[in-house]
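Here it is: the structure, laid out below.
Here the chain labels run A, B and C in written order, and each chain numbers its own residues starting at 1.
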């Protein structure tokens, strides 16, 4: 169950800096590159001549040139030229709606004509002088919804990330979950606790003492198709927690763009948008490294969980209060998927 | 054709010394660990919460704690506790009958209620002051019955293990095979021959001359489901061979517990129980290393044989006199399998 | 669609110099070795005793001895002997028609009785004092016809082999393609051009200047089942090109024997027969190394093209004038395949 008429993060600008990038997204083999005006294009990764992947070619004067026999492809999926050939009758390949925004390349795997560029989520922290961003990309063999579950239930931090961001107070503090339209929000506030190692590092990074008690918060926001933004942070205890003034806290947004590759594999774009000391590049690098290590701890768990679910297909899982975030997110996905299917059927009937 | 209501060696104590062990046995994903009393438990490797493998968790105060969200599982398959949750209604997972005995962990993959602890084979050499034991574990992609065939027809030593235990006299000396109840015994006695390199080493290990003629014996015992114990040894020629006094021979039991992982893969627990110089630990280590090397020579042959049989599924193999041990062992397995199937049907009908 | 009643290159003499070789050809697992008279034999790689691959055995006194239990196999597929056994009743295994000629081992995967030894192609350059040969073997996961396409349309050189043999004049010069009986010939003549790096090296190898203009030619010959011989070379411009005297040119034949392993994988025997300086072994080695590097550039393209074609099975490819060589070759294959099928049906009906 993968939504198609929606925007996914496909790649980052650095991935297409000097050559085309082949990537399968929502089951579609795509090639991404920049055209002559520097605009990003996304096409089927299939040369209409003999089926070679266009991503093995290169971009010459803004045109994607097949690396096998030199067919020149336009960013609309129509062949521009080919040595010694008339190309007018060549069948076009599919062009996907694609957009560069907020430091990411976004793709709409469904019908390009339906792509609504206003529907790309607003990311207030992106390219904002008060914020710094660092992140990375992991490939994980699991259903994208298992990663949504993971991020919408942070009690796993206590077990999977015990040495960095986990602490027993996460387990002990109930979360509150609600759905607002298509958004699911689950929040947890822990006051007067000791900061775990990662957050002590962040406090020091914001030139704050790391040995006192803190108020810690986690506010997870799921939005379709599978983006999870988590407001996280710690404030020196007694200064208002989440609402504390900037010089009393270290606050960030954990950024998670989960892009299905197939029904059981994902491209996981993770990162942290930091709302303190935005110019401290060493801090950005250090947080990126720490987060990369922490998030890599989820990989084996998710892949092995996926294998188990495939091996026991009939078994019903539990949906506890801590699972409410994932459960409500799946409901939103299911509702939108049903709408998408209905629209497709209507379209076909019209 | 895998027997289920029977005992298999699942693992060794050292494999569960400091963390749970996940292992698939007879197609069942199991997790093995020690509970608070040090008793071994075996459960489905599937957390009832969200399907994570419990083997990625850890044992805390004798309870298996899921490494994803902290569910505490009891050794009966019932959830004991989970942070912030009432667990009374949680579905239990399957608990397998399991028993630690003779230095191995045994599991009964069939219905736990039918498990007969008296049916675990007696191993007179285990934990006996006159015997020393060393062994190891290999994973091999073959039907467990191909390994039974291998061990019940030692003429392969001449070809597969030519430089260590093979010698042409094995080929030249007919074997005698009989079935006694569920046991199949095939024996070969070679008198007045030169000992091959492995046995010369063993003679020196027992402080006997290695340059004279010896009487050598091989008595293979198959017992269901797939255990093969092989009495092996050499005696200085003319001292009664198999019956020679202890100070005239070097005698051992080759220990083979073959545990199906799936229809076409096995966990192969191999070892040697030595009935001489039991306190010589250097000798134990040296025999273990030599045996490990020799037994590794079978791996490629068995895996390639399995591939061939899958590629030529209709082809009938030969059953020569040397194959009688394997053939009779398969008959025992087939008879017991039919009984098991009949009992299951009856049980279902009752 | 693989022709079976025809000759393929199976291996080279050096591959069976000191032990049997197991190789799957046209879906058949075969073992190749030399018998007591030094003649090559090809059998099913399956011991009639217990199904072990005979290629894991060894050749003793010209007999193939199974490495598992010592069965001695004759080159007609009949068991010769086995320790302690009467073998008269053993089922024979299949023996394939096989022939050593022109420095290669040829096999006929179809019915051995139909094998026509006169149908092995004549290779005038093989073992000829005026010619030198060097080559190699690659395993590639693609339909053999994709490699035929590749070799019958050399415009790919401009893109895949841009730094060695590619040049824009290949694209700019139309090719002429014709079918003569079962042979397809596609030729291209480029006059008064600069030689690309590989051919400059060849000119120097033939003690000719490399800085003048040359006439270059490529004449590709496809013959069934899947052999492609390409006459290639450069002559100092204005000396008659292809027809120039030997001391004004560097000419060779690119040798390509494409042997299907399965429907989607091949053994690719590539090489170059050189018609100049045949005794310069350093030149042979240097050309072999250069060609090996150039031909390795095709591998990823072919394997990824194959994957694309499997992923988009319904998509129709283009057949441009540059593709005529591959298209006509496929027509020859299709015609012969239909004849082969018809002959089989007739045979069955008789």
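Here, a contact is a pair of C-beta atoms (placed from the backbone, for glycine too) under 8 Å apart; a residue touches a chain by one contact, two chains touch by 3 or more.
Computed from a prediction, not measured in an experiment: that's the story for all the values here.
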Can you grab the rotation angle between chain A and chain B? Superpose on CA, round to the nearest 5°.
120
Proportion of interface numbers common to chain A and chain C (over half same, under half different)
different
Can you check how far apart chain A and chain C are, centre to centre, with Cα atoms defining each centre and the answer in Å?
48
Provide the list of chain C residues touching at least two other chains, using ranges where the numbers run on.
none
Contacting residues of chain B [partner chain C, same complex]:
149, 153, 155-156, 158-160, 168, 171-172, 174, 300-301, 304-305, 307-309, 311-312, 315-318, 320-323
Chain B residues touching chain A - in the complex, by the definition given at the top
29, 45-46, 48-53, 56-57, 65-70, 82-85, 90-91
